[in-house]
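Below: one structure, written as structure tokens.
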Amino acid sequence: MEALLGFLIFGVTIGVVYGIVALGISLIYTGLDIVHFAHGEIYMFGAFLGLVFAHQYNVPYWLAILCAMIVTGLLGIVIERVFYRRLTRAGGGYTVAGMGMIICGFGMSVVLQNIAFLIWGADAEPFPVNFGMPYQIGEIFLPKSYVATAVAALVLMGGLHVFLKKTKIGLAVRAVAQNKDIAFLMGINVPLMISLIFGVACAIAAAAGVLIGPMQSVQVEMGYLMLMKAFAAAVVGGFGSLPGAILGGLLVGIFENLGAAYISGSHKDIYAFLLLILVLMFRPQGLFGVEAKVKA
Amino acid sequence: MLEVRDLQTGYGRIKILDGVNVSVAGGSIVTVLGGNGTGKSTLLKALSGLIPVWDGEILFDGESIANLRPDRIVNRGLIQVTQGKEAYPAMTVEENLMVGAFTRSDKQGIRRDLDKVYDYFPALQERRRQLSGTLSGGEVQMLVIGRGLMANPRMLMLDEPSAALAPQVVLNIFANVYRISQSGVTILLVEQNVRMALLLAGYGYIIRDGRVLIEGPAEELSGDESVKLSYLGGTVASREQMSS
Amino acid sequence: MNLVVTLQGVGGFFGRMERTHPLLPWLLAIVALLPLPLILSGLFNDYYVYLANRICIFIMLSVGLNIVKGFCGQVTVGHVGLYAIGAVTAAILSTNFGFSFWMTLPAAIFIAGLAGVVVGVPSFRLEGAYLALATLGLGESVRIMISVTPYLGSSTGLGGIPAPSAFGFTFDNFTRYYYLVMPIALVGIYLSFAILRSATGRAFQAIREDTIAAAAAGINVRKYKLLAFVISAMYAGCAGAMFAHMRPGYIHHNNFTIIEMVTLLLMIVLGGIGHVWGGVIGAIIVTIIYDQTKDFYFYQPLLFGSSMVLLVIFMPQGIGGLIDRYIVTQRFIDARREAGDGTS
Amino acid sequence: MKMFSRGLVSTALIAGVLVVHTSAVAGTIRIGATMRMISENGQKYGQMVADEFDLINKNGGINGNTIELSLLNDECKSDKGVANANKFIHEQKVHLIIGSTCSSVSLPIVDVTAQARVPQIIPHSTNAKITQKGSAWVFRVPVSGRYYAGVNAKYTGENIGTKIAYICAADAASQNDCDAMQDQMRRQFNAEPAYVAQVQEKEVDFRTHMLKIKSANVDGIMIAALAETMSRALLQSYEAGIGKSVRRIGSSSASNAPVPKIAGDAVLGVFYTAAYAAADKRPIAQLFNQMVRDKYGIHAPDHDFSQAYDLVRIVEIALHRANLNLSDGSLAADRTAIRDAIASVDGYRGLASGPISFCAAPTPQCRDGNKTPVLIHYTKGGEEFETEVLARVPMPINFGLE
């Protein structure tokens, strides 16, 4: 019983991080109509930037998260403006031309990874943050970093919710996500909003990177596996649904940890893919029945 | 107020409009008529900057607005109201209206205009907290007109407000369009419903195959039975609709 | 301009050959490519023969990928998974069961084809990015399965895969192996051509241009989508077997990672997606450039990644598209010249 | 068909533009090294090997000949490694191949060098199969994984207990370490593994495994993985609440600097076997530590550094002894001469934990140079880590061979 609780805790703590990254992927999907295959590398950049702020400039951890978010967000905006804009402007849809966006994403991921390697080297970097002694619930230890991760995820989620529902810019973002032409006709600067959406999504990924730093250390190659899990989370929750992304993340995290615990530990990383494929095959709109844009 | 001279545009390499001339005087209601695929919607898209203008001129208040970005055109007070089916279904009615007021920052003015819209269309006030996806067709049409009004327009361009609506509803909407016009907003009405449009408007253009075919004061055009029968696709259906 | 004249001369010659018998130019091509190892090792050295072998394998992969991606317009990024399945099938059958290459090759093609069905089924319901995600998940699952299952090689890899032999002749060095893989690759290209020109190929293209219209025209969309996936999977399986049996006969799960998939994508993007020769051109150029830039290993991903991004943005039709355009222009000029000659 | 001919001609064109690389120059000994360079330490070993050969050249070369080293990256991928080896052999016509650093790359290259009859000397791949293949052309400087397993198992069984959990990462060296250790525990103590988990080469989340291991109440955990993966597992074992009383056993990559750097205090008490200990008190070791620290900015060199250094020295000795012609026609003879010269190295004592000896027979006994693992444990974590030597164990020559 306690073991089960332990597995659940692990599932939830990693799941919220999947969820945060999935949140960004979902946001980009709603805003730009693209699936961003280089998002794992954005997450990695965020983690490294957080490390730079925390250790080279000695800013406190929470401020490092914020700084990393801002810088990564700006980086995302530059990438979107310079590269993706030319493709998305040519029209969405996933015909032969739309395939370009996917290939471009893969290329960008290779480029970003190489740049990060040239800047920070290939070795993993520790991200020690002293949170103090873990909480103890019976036999279960609950490190404070897990609690911090969960709290940060909730704050991000809440912040994004307030931003989208309560602010004027948030309203405009939603308008752009739903229909760009009408948003344009309402006087909304759609290109700017698209950049903003992309920037916010990248900033969120950076937050996830900094949050996971203390747990898994920071390395140039960290993005790929996270990206796959986050894709699974986004699909499970319903692409384009923001609460769905977080729920999907939790589900993927718990599913893979329980699978590893009770089915076979060696196949842990396959469970997320399994979930991804099953959901895609039988319920492409996601498990939670939220309205999702399924592109034809 | 609006001057369109020799407008040429299209999609990709296909030319849709081949030299259109339209002129709208301030405070008036002008209608552009034509059947499906004659280029009416293309004209509106070019006017609001959604598609590039290839050649010709668009003057709004004497200044060229051709190939400006849509949000810049909106800032000048030229607002297009899209067809009824294009609201934001996942937003509430009031959120939809607030999107219309995006360019404005005067809270008082927005509040006042919101009340004005609710005054025009009381049905919207009742449903202000509902998702607009749950509204009826007529209500959505009211919503998108209201959304256009929220931008505090000087000129409103309506794209087929009567499309696929019951006659009673159409009447209500047209009555309100008239009230809006009386409040000092210039109206450019693009329609298939010839009879209704010509009743409302003071001047009309009939376009076909990307050119203005006939133009003239509304009374003259509505008298010209041959115009309707020969050149307006779908007139028979709309006449039946009228008579029912 | 001499080159152009030569090209046209040779092209015209082949055209006449083809009218005599459709297979004739291909046989001639095999004959023409026979002395290549001699030329390469004479001009350069044996290493280029090795590269020629690698290129033949990559050609099989990218030509196969082009069928599903270029002809049929389905976005798949799980191709390396199928390649891995082919390689592992050949490796296990030959090392554990003592099958010869002539048995493992069809087996690898068959098993990969079966796996192609699994990869293809999601395409019934999914399009674009969703399909990309599903195929990515499947491809990656294959690699992870191999890496954690000792029987499939796990982390130690599968080694000791014997070289193919026929009539007492063993294909145990690059020059010899070339005479095995070159004809296979040419057959692969020929079949790709044949598929494109057949009714099946036209159905693929119809689905690529407009799925709904294709269905309305009476094309069984599911059947043809699945067929495209299966054919491309069979190409991958064949490439896998060719790779497994090549000296030193060793495969490892990290030969089939996402980086290899990106390289494949670069090949078909560079060559031109949907362009018949795209995969071939891409495989040749990318392999050679990769080799020539080996000394700059720190910057290679940057070079490849950025060329992918820039190609997609500025030259989405790839080199194949440029050639196509050149040929169309040239034919137009020829036609005009002929017309001019006729009147004068 | 026009297209076809055009394709052909453009192929020929591309081939024509290719740069023709150096052909044989008399008086130059060509050496090719293939390594995993996309890693910080890999880069530095590579640099050290290059620097050491430069130094030899500056000091007059070898019998008047200079050494020309070409270094390529194989990304730890077997197909790239094989391509590099072929490039060395056929294009650059090297006399000797150094590499690879990864077992899964060294394994296939052994076959390539055997077929092409080129001597190969391996800096740090521990998979036992490499020398068990029976190639007459391969030499291995590092200690074979089977010796490590023997020492680890003996120490574990006698001092810690026999209930051991295993976490094995999917790279060839770690897998070998893991399997061999389980094998040795069976043979020496009749102990079955308490828990075995196979994980990805770059796995990041081990907590579920750790929790299961915790509930299995084991005496020790063997973590066989590359440095970064191992350090994550070590950290997360504490997060899962496994106390200090359960000892952590590392595979030989525990000696790599990233382990104490990332794992920090979680590295305390971790023990492992390696071929070199930075805590070695011999003057030569102290000098070497100082040199690496000054030149490459590494706090303390791990055994991969020492093995690369020893490799250069052994190659130097062998090249001095070999009777080389270095003309275009003598390539095959020179390669054989170098092979025989390396095989004649006997009782070399350098940084390695024990004497390194080779001999002519193509057997593991002859080709695994170093047979003396050293048992080490960490006494301090972090970037300024410290280790302590527990034992130095010369292994019987036939140990663990079937």
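Read from first to last, the chains carry the letters A, B, C and D; within each, the first residue is number 1.
Throughout what follows, a residue touches a chain if its C-beta (ideal position, glycine included) is under 8 Å from a C-beta of that chain, and two chains touch if they have at least 3 such contacts.
Model, not experiment: these values are computed from the prediction.
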Core chain by centroid distance, with centroids computed from Cα atoms only: A
Comparison of A-D and C-D (more C-beta pairs in contact): C-D
Of all other chains, the one whose Cα centre sits farthest from chain C: B
Inter-centroid spacing, chain D versus chain A (mean Cα positions, whole Å): 37
Euclidean distance of C-alpha centroids - chain B vs chain C, Å: 54
Euclidean distance of C-alpha centroids - chain B vs chain D, Å: 75
Junction residues of chain A, two or more chains touched: 117, 266, 269
Chain D: positions in contact with at least two other chains: 38, 198-200
Multi-partner residues of chain C (each touching 2 or more other chains): 144, 148, 298
Pairs of chains, among all present, that meet the touch criterion: A-B, A-C, A-D, C-D
Chain C partner contacts - residues on chain D that touch it in the complex: 1-11, 14-15, 18-20, 37-38, 72-73, 75-79, 82-84, 86-87, 89-91, 93, 103-104, 107-112, 115, 127, 129, 169-172, 174-176, 198-201
Chain A - residues contacting chain B, complex: 168, 171-172, 174-175, 178-179, 181-190, 291
Residues of chain A defined as touching chain D within the complex: 3, 6-7, 10, 14, 117, 121-126, 128, 134, 139-141, 143, 215-217, 219, 221-222, 225, 257, 260-261, 265-266, 268-269
Touching residues on chain A, where the partner in the complex is chain C: 29, 34-35, 37, 83, 86-87, 93-104, 106-115, 117-118, 224, 228, 231-232, 235, 239, 266-267, 269-270, 273-274, 276-277, 280-281, 284, 294-296
Residue ranges of chain B touching chain A (in the complex, touch as defined): 48-50, 69-71, 74-75, 79-80, 82, 86, 88-91, 95, 98-100, 102-103, 147, 151
